[in-house]
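By written order: A, B, C, D and E. Residues from 1 in each chain.
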Amino acid sequence: MLSRARLAPLALWALMLGFVLIAPAFLYPVFVMQLLCFALFACAFNLLIGFTGLLSFGHAAFFGGAAYIAGHVIKMWGFPPLLGIITGALFAAALGWVVGSLAIRRQGIYFAMITLALAQIVFFFVLQMPFTGGEDGLQGIPRGYLLGFIDLNQPLAMYYFVAAVFLVGFLLIYRIIHSPFGQVLQAIRENEPRALSLGYNVDRFKLLAFVLSAGLSGLAGSTKALVFQFASLTDAHWQMSGEVILMTLLGGMGTIFGPVVGAFIVVALQHVLSGIGSWVQVVIGGTFIACVLLFRRGIVGELARLLRISSL
Amino acid sequence: ADGVSDDTVKIGVLGDMSGVYSTGFSGDGAVSAVKMAVEDFGGTVLGKPIEVISADHQNKADVASATARQWIDEDKVDMITDLTNSAVALAVQQLASEKKVITIATGAASSALTGESCTAYGIHYGYDTHALPVGTATAVVKNGGDSWYFITADYAFGHALEQNTGDVVKKLGGSVLGSSDVPLASTDFSSYLLQAQSSGAKVIGLANAGQDTVNSIKQAHEFGIVEGGQQLAGMLVLISDVKSLGTDVAKGLQFTTGWYWNSDDESKAWKERYEKYSNGAAPTFVHAADYSLTMAYLKAVEAAGTDDSDKVRAELGKMKIDDFFAKGGQIREDGLLVHDMYLLKVKDGGTDPWDVAEVARTIPGNEAYPALADSGCPLVK
Amino acid sequence: MTIAVLKTGADAPVKPMLQIKDLHAWYGESHILHGIEMELGEGQLITLLGRNGAGRTTTLRAIMGMVDRRTGSIRINDEEFINKPAHRISPDGRIGYCPEERGIFGSLNVEENLMLPPKVGADGMPLEEIFSMFPNLADVRKRMGTRLSGGEQQMLAIARILRTGARLLLLDEITEGLAPVIVKTLGTVIRDLKKRGYTIVLVEQNFRFATTLADRHYVIEHGKVIDRIEAADVESSMGRLNHYLSV
Amino acid sequence: MTDYILEANDLTKSFGGFVAVNGVNLRIKRGSIHAIIGPNGAGKTTMFNLLTKFITPTSGKIMFNGKDITNWKASEIATKGIVRSFQISAVFPHLTALENVRLSLQTRLGVSYHFWRSKALLSELDAEAVARLDQVGLKEYAHLRAVELPYGRKRALEIATTLGLEPELMLLDEPTQGMGTEDVGAVTGLIGRVREGRTIVMVEHNLGVVAELADTITVLARGEVLAEGPYEEVSRNPLVMEAYMGVSAEEVEA
Amino acid sequence: MRLILAQGMLGLNNGVFYAMLSLGLAVIFGLLNVVNFAHGALYMTGAFLALILYSYLGPWLGLEWLQIGFWPSLILVPLLIAGFGMLIERFMLRWLYKFDPIYSLLLTFGVTLVLQGVFINFFNASGTPYPAMPEMLKGVVDLGFMKFPKYRLFVIVFSVAVCGVVWFIIERTRIGAQLRAGTENPELVKAFGINVPLMVMLTFGFGTGLAGLAGVLAAPIYSVSPLMGANLIIVIFAVVVIGGMGSIMGAVVTGFALGLVEGVTKVFYAPAANTMIFLLMVIVLLVRPSGLFGRQS
């Protein structure tokens, strides 16, 4: 007999893999691809808030920034799609290094405000750099051929490519959390002075976590740019930073699967409610308030608590 | 393939339903115009029902293209229209053409739609940034306003309008002293107006639209710029803008439009019908265009006997478009509808609250728009 | 070490003002008070003695509701206070509290510090009287709290609660770190207050200072009262006291 | 090597205008237990913070094993052999006792930045971690999360974790604070046991503990050293009696 | 030079709003340790309330004659916003003090989205002009180097006065003394018998009321739009990081100064104006992480 503590994560793994594999059979593939991109984004964000205890209010900068860079190198420099999105992710990681180095000089609430403000600089850059197309966005990014022969204009080819990117990203995050590095991150989150007194250079750990999170957010952003063949200001706007926080909060900060669940719910909500116009924003805002007041653990966090499992 | 795919003809109205262009250009007014046309047409074509769906693109090209993508992939939309906001129109036109779906942009103005970014299925109906300055800028320069400073909406439309207006000004021997790019939907234009003021230009050209235009004109008055001797030239002004400015602020303003309700009886009659249909809201020329193009599209479907995009597009090219909206209109290969334009001049109120202007000049289609030979469209080369 | 059994003073001749039974208190997870019992009649003065960290300050803070959690019973003038919200305790019990760290607000000047606590009774000392009691304060009325010397801060802390009309004063280590001359002044002030009928709980390390004033002493160790010595018995209990307090 | 493992020369820290530590000279003999006592707010914790670079001194110099460490980073100091505990218990609450201790052993493997490897590789440290837990009597709690341990055991866990770094010098800030009598005894015994081969500096209000363990005592008052020496000497020093114990010199004589 | 002065005046004009909003934010942060993300949204709501009171309330109630103009709004709206703020404090924020302050930031972020969404729905995302600018403030004043609208001049003078009054209240009166004491040592202030929860609620109301006041002042200048606060709040955050949460004065001075800097930047390189404040923030972070007026922690 498997114990509940082992069975529950396995069940979630199976559920997630199963969904990813067969979703396009019954759902609009572009919609599922969007889900997967945001799920990856939320997981990357969660690496920071959930496993390092840092609230970044500027993650859209990495998501959006990478989308533009990937779009540009693919469209203008003719990079193949895979190389393009990797370039985007690397760019986001580098940007993360810069933003992170500045932001970790302050803590808590200040950290949040500083990342928000720095992300706003990135936003203005995106708005004003000539290659980004300003308000028009970077349009018509060709999907091209994966590895030279798989035509990504085929919806299913594109879908499984995105699914693979998502899974690779998700596994990497899973591994980071369960690595010696992840162990130190958790220690820092729980008791920073103590970690410091044990000889861990806390700032460097935080920075590396920030860079990883930024890079993975960039991976999500570049992939999304390829899916929609579009990089736009929305991707880099602060409201996007807020949305990814909501996804993570709703699903459960510091859980493995929470951000995926949260991203699915938020994206699906926006989709279903798109007909009611701006009331979506009200619903999203209301969800935020409800989450903060009523279940700070998030859906998966609450589930784990009900099942009395330490983490899911 | 003959016949109607999926047994309906679906028209998608993709517009700005809540932003700066939701009044005047797009919004509910556009949806009403399309629906009214469908009803006038009889609600069916080739025996199949006509369905109209609409969505808000929030002036975001990515939202628009995601919506359009889903409309095409999932909802099997046959034609997408409105597309106010040039960035949106360019994105959707590109995407839709890849998927062989006809787009007919109205509210969007950028001449790039039928210029370098033209597509085989993209149509631009009503006006463009090339046609707008022909009337207004010419009139202003001829009146002595020969040095210009632009306040430009910082996206595809604004830049195109600035470019095209500048060309007209220069061709007539005027000069352009500079420009300020202003983000879409800004509320404070004062610092840009001051730049314009200190440039010493005789004319401040407003290469923007909708609420942006209204705000810039208002604030120019607030800072006493007009009293200071500089002239404002709105390159894209709607009669609804004139109304919200009030005739005392707007008096003497000249602007170019694709249609004016008070230009003839046919138009007047249509306006009255539209007002009834949409609970009293008066139409702008964009709404008239929306009606006209819907009619044209449905006629083309009927004539082609199918909603297949290639055949319908061919029919649209063959048709003469001659109704209350477009006089002597013709949709060219590059997708541009060439028709007469009007230079209007704001006057003191008449009997109708919407009677705010008089036609100063009718600009013949071939003067307002460049010849097909001069089109930047790669398809016609 | 011997733990003396608490003798309850059933023979108290005056009306009881403060009665504490089985008081427990916590800071976060640390359980600091383990069942304090004490009582105090109107107009009396008691001291709490004990070593560093014994829990005397915490006893006062528990009375004021300034601990994270407290259980037991605190009755003031026969009214139960254990479940009162912190901000009702001072007005309802007419208590003035002078904290160990003095609690002078650095961003307020002397007058503002004086005027800060709201009145809790009608018979508060008027400002003139306060300034005549502490002439030093009169000289520095407009000086910011941070700039005051230790002695001035201490006087201000006491003066501040006298103005409010409190009848029960909780004074924590008011002689700590003060020059002997100021300690002497404070001794006079306390005696004066006692004469005026104030009821006072004094936490003191300075035993000599305390003995001359108190009606009764409680010795606290590890959050419990381990002994209780009436003023009259101090002489005979010196040995015991030395044992409790010396090293 | 000098006899003194740690020397602080003329160490000063001021916060704004307020001088919390004022020109303190402190020398810690290798292998000794050195207690720092003094009234609340005397600057004891501030001293600890200065010595471990949690805060930067306003002026003064700190020497460790003859080397000037004044400009080292906090994490560097910890890896080089000076480890501290905290006045309020410092464990990683949601990690198990075993993981808590393992974190202090992990630094030696040099894999702490290896985010691409599984943490399973840390299990090679388990045996030693259990041994450390055993040392403080926590072996059977190895798989309990720290938050579930009673207060006294948390302090023990904290000491076990600190020991994991094999520090030459341990700084313990009020290790018995907030404990019941039985726990105080246990922790005192524990400190007595682990002193073997290392130097310990502790802040402690509980003079019983100090008397039992400390070889040397430094008394701080208002940021300055009031007295220093073995317990018997210090406890009879009239200055100390007055400033710390609150009895004046005449009283002692009387 | 004329242009520098002129843009400087406009910058100062924007600085008014930076100052008033960061002032309210600082008052709230100082006492509650809450970063009120909704501050921008409340500013926007203030502007909308002024608009509603003038143009919509009458028709809604069927009382066409009812038009509450600028001057009454200047008093009424801040009170309404303050009341609304107090409701938020009482029924939402209060439950979060015991958790990480991040949660209150997220809560107020949610409130922001709700407010924005509601106003977009009723008034659409573009601006609606506020038509009730008082007659006496119409027209321009000739400053020599430029013609400056009377109303804007009034806003500058008025808000400097408001900041002064707030500074006076906080620094010089008994209420202010209680607030400042509460910031220093809330526990002790509570022990003195001051109802700190009530005081906290009132303070939150006061801070948000200031946002409402700024909103009313902004209405005749900028057109009233649901997003007017959203972009502002991020600038305000940067202002706050630059100034440091140390002092009331710091918030005000930094606000005005940065408005000025931003204005003058427009003369030299307009595209950088938006980013200027954020770049300054980066520099300040590198040089003095706790901000210009912040207490070193």
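Everything that follows uses one rule, which is that a contact is a pair of C-beta atoms (placed from the backbone, for glycine too) under 8 Å apart; a residue touches a chain by one contact, two chains touch by 3 or more.
Here is each chain with its UniProt name: A, E = Branched-chain amino acid ABC transporter permease; C, D = ABC transporter ATP-binding protein.
Since this is a predicted model, take the numbers as computed values, not measurements.
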{"item": "Contact-graph separation of chain A and chain E, given in steps at minimum", "value": "1"}
{"item": "Remotest chain, chain E as reference, centres from CA atoms", "value": "D"}
{"item": "Most distant chain from chain B, judged by the mean position of its C-alpha atoms", "value": "C"}
{"item": "Interface with more contacting C-beta pairs, comparing A-B to A-D", "value": "A-D"}
{"item": "Interchain centroid distance [CA atoms averaged], chain C/chain E, Å", "value": "44"}
{"item": "Distance between chain centroids, defined by C-alpha means - chain C, chain D (Å)", "value": "33"}
{"item": "CA centroid of chain A to CA centroid of chain C, Å", "value": "57"}
{"item": "Separation of chain B from chain E, taking each centre as the mean of its C-alpha atoms, in whole Å", "value": "38"}
{"item": "Multi-chain contact sites of chain B, meaning residues that touch two or more partners", "value": "17-18"}
{"item": "Where chain A touches two or more other chains, by residue", "value": "277-278"}
{"item": "Touching two or more other chains - residue numbers and ranges from chain E", "value": "120-121, 125, 271"}
{"item": "Contact pairs between chains, per stated definition", "value": "A-B, A-D, A-E, B-E, C-D, C-E"}
{"item": "Residues of chain D touching chain A in the complex", "value": "52, 54, 73-76, 78-79, 83-86, 90-95, 99, 102-104, 106-107, 109, 111-119, 121-122, 145, 161, 164-165"}
{"item": "In the complex, chain E residues that touch chain B", "value": "2-3, 6-7, 10, 13-14, 120-121, 124-127, 129, 140, 146-149, 151, 221-223, 225, 227-228, 263, 266, 270-271, 273"}
{"item": "Touching residues (chain side chain B, partner chain A) in the complex", "value": "17-18, 55-56, 60-63, 65-67, 69-70, 73-74, 86-87, 90-91, 94-95, 154-156, 183-184"}
{"item": "For the chain B and chain E complex, residues of the former touching the latter", "value": "17-23, 58, 180-181, 185, 187-188, 190-191, 194-195, 198, 210-211, 214-215, 218, 222-224, 228, 244"}
{"item": "Chain A-facing residues of chain E, complex", "value": "33, 35, 92, 95-96, 99-103, 105-107, 109-118, 120-121, 125, 230, 234, 237-238, 240-241, 271, 274-275, 278-279, 281-282, 285-286, 289"}
